[in-house]
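In what comes next, chain A is part of two complexes: it sits with chain B in the first one and with chain C in the second one.
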Partner chain A sequence: MTLTLCTGNYAAGHTLALAGEANRAARGCCGGAYPITPQTEIIEYLRAVAFTKGRVVPVESEHSAMGVCIGASIAGARAFTASSSNGLAYMTENVFAAGYYRLPIVMIAVNRTLGPPWNIWVDQGDSLALRDAPWLQFYCDSHQDLVDTIAVAFRVAEDLRVLLPVMVAMDGFITSHTNMVVDLLDQERMDDYLPLCNVPHQLRHSHPTTVGNLTWPRETERHRRDIQEAMERVPRVLDEAIGEFEAVFGRRVAGAIEAEETGDAETILIASSTMAATLRHVIRARRARGERIGMIRIKQFRPFPRADLVRAIGNAKRVGVLDRNHSPGSGGIFWSEVAASLRDASVLLQNYIAGIGGGDVTPETIDAIADDLTRRTAATDPVWQEIAV
Partner chain B sequence: MIEMTLYGRGGQGGVTLAKLIASAWFARGKHAQAFGVYAAERSGAPIQAYVRVDDAEITNHNQIRKPDHVIVLDPTLIGGTILSGASIDGWIILNTPQQVRAWDAFSGRRIAAIDATAIAIRHGLGTRTTPIVNTTMMGAIARAFGFSLDEVRRLLNEYGYGGANLDAAREAFDSVEIVKLDGEPLIVKSTRPPAPISSLLDPDTGKPPAIRTGSWATRRPQRRTLTPPCNANCPAGNDVQRFLDEAARGDYDRALAVLLETSPLPGVCGRVCPAPCMISCNRHALDEGVNVRDIERFVADHANWPDPVTPWRRERAAIVGSGPAGISAAYHLARSGWHVALFESSDELGGVLRHGIPDYRLPKDVLDRELGFVLMHGVNAYVDSYINAPAVDALADAYDAVFVATGLQSSRSIDIANATQGIEFLDRVHRHDVVLTGQRVIVAGGGNTAVDAARSALRLGAASVRILYRRTRAEMPAIREEIDAALEEGVVLDELALPERFDAGRLQCIRVILGEPDSSGRRRPIPEPSSRFTIDCDQLILALGQEADRSIAGNANVFFGGDFATSDGTVAAAIGSGRRAAEVITHRFAPTERARIATTDDLHLNLFEHEPRHHALAVPPDLRRHNFLEVHAGIEDASAEARRCLSCGVCNRCDRCRDHCPDGILTRSGDEYRFDYDYCKGCGVCASECPRGVVVMEEI
Partner chain C sequence: MSTIIADEPLLRPGNTNCAGCGMSIGLQWLDEAFADHRPYLVIPAACAIVTAGAFPTTAYGVPTLASTFASASAYATGVSVVAELNGDPHPTVCWAGDGGTYDIGVASLSAAAERNEDILYICYDNEIYGNTGGQRSSATPEGAMTSTTPRGKAEWKKDMVAIMAAHRIPYAATLSVAHRDDFLRKLRVARETRGFRFLLMLSPCPIGWKSSSDESIELIDLAVRCGLFPLYEVHDGERYTINSRPDGTDLREYLARQRRYAGTSLDPEVARVKIEKQWEFLEVMARLSS
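On to the complex of A and B.
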């Protein structure tokens, strides 16, 4: 294990490059690239890599960036890219296409608030706006989680039981631009970990085909159900991928959720990304004071880990979901998914909207949320939590 | 866990410094975290950065509200607010040129102070306006926190910040002033009062804060004027760019007024000038040079001529010779209020313009129009008045000044019988005194006189006309377009040949080869003895060049100009000479420093559209030989052709600079442009959008 002090963007670029290079004995790697704050350093890193077989293609827009990935992947290359905020919005049509084409593309989503008005800071609304696209989504809470999850993402995406693209999200600036200590992976073990990319329906000269033609309703329905069935196989595939990762790299990567102190908890707070790291502080401090409180970090948002979640919530009476995102006319998005998973009406489920537009969610803020939750007698509409900045 | 906050300005390397500090502890095996606060910052704007160090893994990603230590990279940021939330036991590390004890706000605290700005500038880190102080500060910080110089060296080398960075860090490490101030520490709570938030639907959110962003600039736009090559190359000294500018606007009257400031013969030059302005025109690099000559002709022919002035001074000048130099001197002296007497030996005014240039090139009504304009300034002209050397002396006594511009009166000759001199021939042509029907004519020579003689001979019924030249076409001094016209009309060119004997209808010639260059820089023709040949010839005309008759001597108030003085050989040079003589005579001559000539490198040619040159219409060659009517008809739309002028190095108020300024700090009032340097960030768009090199960026 060799530790490095570097930014999340650097770590992401480094890991993507290793994964791309690992496919040099097959069809190599390729991705389309377009820069946007706070992802630019990833693109700059990738553009400077001299792949043995492959290149990152600068294009004029994010829509084309995903277009290049689709072309590359359907030609059999390992494909990847990165984007944020309005860049993700711009590539939306092709994001859906990548999933419907069943292509194992990996995209780093550096979460940034959607504009206008313009805002560069973290907010999960950009990647969550794509939640209905047939992509897996993982939300990372640290540099290490990010590096490890990117490697796992390729493994899961390219597994023939899944064959769906994967979005790996990190918090803009908080992870992307912050220097932290991380164990970056190395080429030799990445070569061991990732099998060569083999897209079964790739275009071949020997077997000319057309992909994506007009289909009848029944055919479309079948394809969509196929996708759902692939999503249902993800937990098993992810588990194997994590096991393999531990065998090769000697480290256990977090799975779909991370539950802490939930066993006997009366109150449970749920969060994602780096806000979950801050939540961990608060939970440990309150536990030390004797409170029966626990936390769940939801890392895998798609497929939504309903069963794991229900199991972790167990017999807790109050559950608070922290959302750094908001669907107007409804509420926090993680909250709405948790609500759909919880069939037990006796649980008090409360949504707290915190950190929209990049506000700095401090332990004090989360303490206030925990205080509020523990004093409640009934759930109300989603609460917008006050933030200083 | 140790937490510290850095306060700095964009461009000083604050975020990198945070990473360096984190790296220093990471090298000692600690967990570390470093990040900046990203906002609407840029060079010069205040920013913060944070560092956390701990033995355990760091999971707190919040901004630091209660730092253990505070570091300030910019002296202008030092003040009570940096203490916000700061632990009273921690370090305050400052970049400041001032004495530490001066800071009352920091009483009771541990201070480390270093003039990092001065050290960074001295070691050439960054620029004078934006020095990069981070590596210097690292030296001071390392000393405060107990790192060794070795650790600093290893750290900086790992990042590739060697050389001057290392020296600066070492200097700061050695000379940082460390002191604990007396008194009670001031505790400043970390509070940030929430700013009011306007609704998106609110049309008026008040004025934005006044931030003088001009202070962030490291370079500034300046305006300058260069000399356009046309102006630099015009022998008459015309302001070519300015007259084209007026013509481009369609104001032909003003264009004519500009020309008349320097030359009274625009219609003449617009027909016969070899146009060095067109040859030097920068537009050749884009498509074709501007057709200046035809625009000058158009302006002279179509604009309204101004009213002439009449003499108002008591001084009197005498001018000998009414060629272009004499006419020009007469005009400029008369415009200055002098009484002018113009003496001409021939029976008509005009000199070579009348006698030496045929009508098909210069119709005489054009010459008369412009001569008439000059005479109407109260100039008295005397024809049939030959002024010899004693007569010049007499004039010098009677007048306040005499200007002699008699041109080149003697023709060079060779020892060959039965030949006619070209100048004489052309004079007889002018007097309609020549018939050449059916004759085989040969003209020896390569200048304008030879070509004019040849083309005139053709029009006078010659059966055939040949030009015999002792070098090749490339060395012929005649105007290139005239040579082209002659060949179009059917004149035949015999290169590399000399005439030897002319007798009974036969001209004996000898071939030459070119040897070493002679005094004119052209290769000397060497006869080849074995290569004699004969051509049928009825008329031999010699046009071998002219020389001045230098029998006239000087005197205190006698001035010489035109071809008589310089043998330059062009109308434009003669006009310039006459004007300079007038300026000297009236004591108004002041040689001025010219700005350097604008080259294509000064221009942004990509900002101009291609557009072909407007060419003058001409009578078809086969119809020309029957008469002496003017061959060229000029161009139709002079304004459109004048708009092709690039105005090299001279502002023509196109407003591109103003229109492209992204910050709207460049305004125009009348003809004056103004940069608001309080807000100019030095982006340079005005300079890159100026097509003609008037706006340039300069380092501050």
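On to the complex of A and C.
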């Protein structure tokens, strides 16, 4: 094992490049590159790679970055890109198109606050605005989780039981720009791990097809239901991809959720991305003091792991959801998804909105949230836990 | 995804094109010039994708990808890059209307041209958003009535060939459905040229132009002869060749056959001066090129 000290962006660029190169014996790889803070380092990395059979195209916009991925993927290549914030918003139309075309594209989303006003720090509102697109979404809590999840993402995306694009998200700056020690993957094992990319509806002159012409309601309904059914097959495919990853790389990758100390917990806090990493320390400290408290990290946002969550929440009395995102007029987006998952109305479910615009969510912040939650006898509207840092 | 058997014509019977649509002629001549070079087609939102008909049928006999409105050049970039990486001899052709070319698609088009991607981009310019029922685009000529310019468009048409030539792409040219030999020759030049190629075809639209469908070809002939639609080609953004010069035909003859110009404030004398200015430019460029 060779450990490397690098940024999240570097780790992501490195892993995408290995995945692209791993398809050299098939149709090669291709991607679109367009800069936006804080993901720019990823596309710079990709532009510097000398692929055996691949080209990363320096396009004029995020909309076209995804457009190039779509064209390349329907031509049979392994396709990938990266974006953030307003870039993801600008790309949106083609993000939806990529999923509706059932193309196994992988995109790194480095979460950044949507502007205006301009703010370059982390907020998950950019990728969560794409939650209704036919994409899988994973939120990573560390550099290692990011690297391993990107490899798994290609495997799941290209599995014919799924055949949908995958977004792998990390926190802007906290993950993208911070150096951490990572066990980066290597080409030889990536070649072993990833089967050659096969897009079954690839454009072929031997079998000419028209992709994307008019469909009537009946065919459109079938198409959308096919996507839903593909989403429902993700848990099994992901399990297999994680098992195979362990066989090749000798390490477990987190699945849809990670539950810790939930077995006998009366109080459970739920978070995602690096807030979940901070939360883990808080939970361990409170457990050590004898508190019956646990946590769940939601890594897979789409498909939303409803059954896993309900099981992990078990008989807890109080559940708090921390959201670094906000849907105006509603509340935290993870919270609303958790609320839609809980069948048991007796659970007290409280939403805390924290770290909006990149505010530093410290263990002290989370302790204050945990204190509030354990004292509660009833839930209220989402609470804004102001950070002001 | 709609499937048909191989070796069909590029545009098959059963397509939904209107009578007198210039696109039908253009696609058949594309088929003729590319008979041994069957292309991939990339078509943005336009009449041309409705032409295919509804899933699971298709009127296109070659692999065809529908793109989002602004993205034909970006999707085509991905297709052509992967074709090149794999030694695939089939060319990538964008077939787009004027809305997808002059307006919403101009950024991705300009970028693909600047990168000199190996794409043949053909704009069938019917001077309106035809698929949505005939609204103004920046290709709509001055004076023409559309559903969003009910009193006639006040602005002059955007000069798209000049814009593309300014990218110094290997080949840019205009196409007339009334000049078959010239049309086919230019398609063959484009076919044999690598890099980004742009062809602009004035495409009659009897519905939008409010003209008689049996006069479509004649109308384009008049547009060429009166000088309104010059036939020329530009190599590498600098070598201009004029293929046909005005023969003194009166612009009014062209305008009178289209009710889109009826009762508008277009002054044919003002239009004539603008046409002459464009010709002065073309003649200077052609002289500099010889």
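Here, the second predicted complex is superposed on the first by the 388 of 389 C-alpha atoms of A that agree within 3 Å, B and C clash if a C-alpha of one lies under 4 Å from a C-alpha of the other, contacts with A are read in each partner's own complex, and residues count from 1 in each chain.
By our rule, a residue touches a chain if its C-beta (ideal position, glycine included) is under 8 Å from a C-beta of that chain, and two chains touch if they have at least 3 such contacts.
Computed from a prediction, not measured in an experiment: that's the story for all the values here.
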Quick check on the chain A-based superposition: chain B and chain C, clash or fit?
fit
Thinking of the overlay built on chain A, is A:Thr40 touched by chain B (first), by chain C (second), by both, or by neither?
neither
Going by the touch definition up top, name the partner, chain B or chain C, that contacts more of chain A.
C
Tell me which partner A:Ala277 touches in the superposition: chain B (first), chain C (second), both or neither.
first
For A:Val181, decide between first (touching chain B), second (touching chain C), both and neither.
first
Quick check for you: in the superposed arrangement, does A:Pro363 touch first (chain B), second (chain C), both or neither?
first
Report for A:Asn86: first if it touches chain B alone, second if chain C alone, otherwise both or neither.
neither
First (chain B), second (chain C), both or neither touched by A:Ser336
neither
With the two structures laid over each other on chain A, which partner does A:Leu5 touch: chain B (first), chain C (second), both, or neither?
first
Where the C-alpha centre of chain A sits as vertex, the angle toward chain B and chain C in the overlay (nearest 10 degrees):
50
Applying the document's definition of touch, where does A:Thr374 land relative to chain B and chain C: first, second, both, or neither?
neither
For the combined overlay, can you note the least CA distance between chain B and chain C, rounded to whole Å?
10
Mind pulling up the chain A residues that touch chain B in the complex?
3, 5, 37-38, 117, 120-121, 142, 171, 173-175, 177-181, 274, 277-278, 280-281, 360-363, 388-389
Within their complex, chain B touches chain A through residues 18-19, 22-23, 26, 31-36, 38-39, 58-63, 65, 192, 194, 200
Taking the complex as given, what residues does chain C use to touch chain A?
1-4, 6, 8, 38, 40, 42, 49-50, 52-56, 58, 60-68, 70-71, 73-83, 85-86, 90, 107-108, 110-111, 115
In their shared complex, at which residues does chain A touch chain C?
27-28, 30, 32, 53-55, 57-61, 63-77, 79, 93-94, 97, 201, 203-216, 219
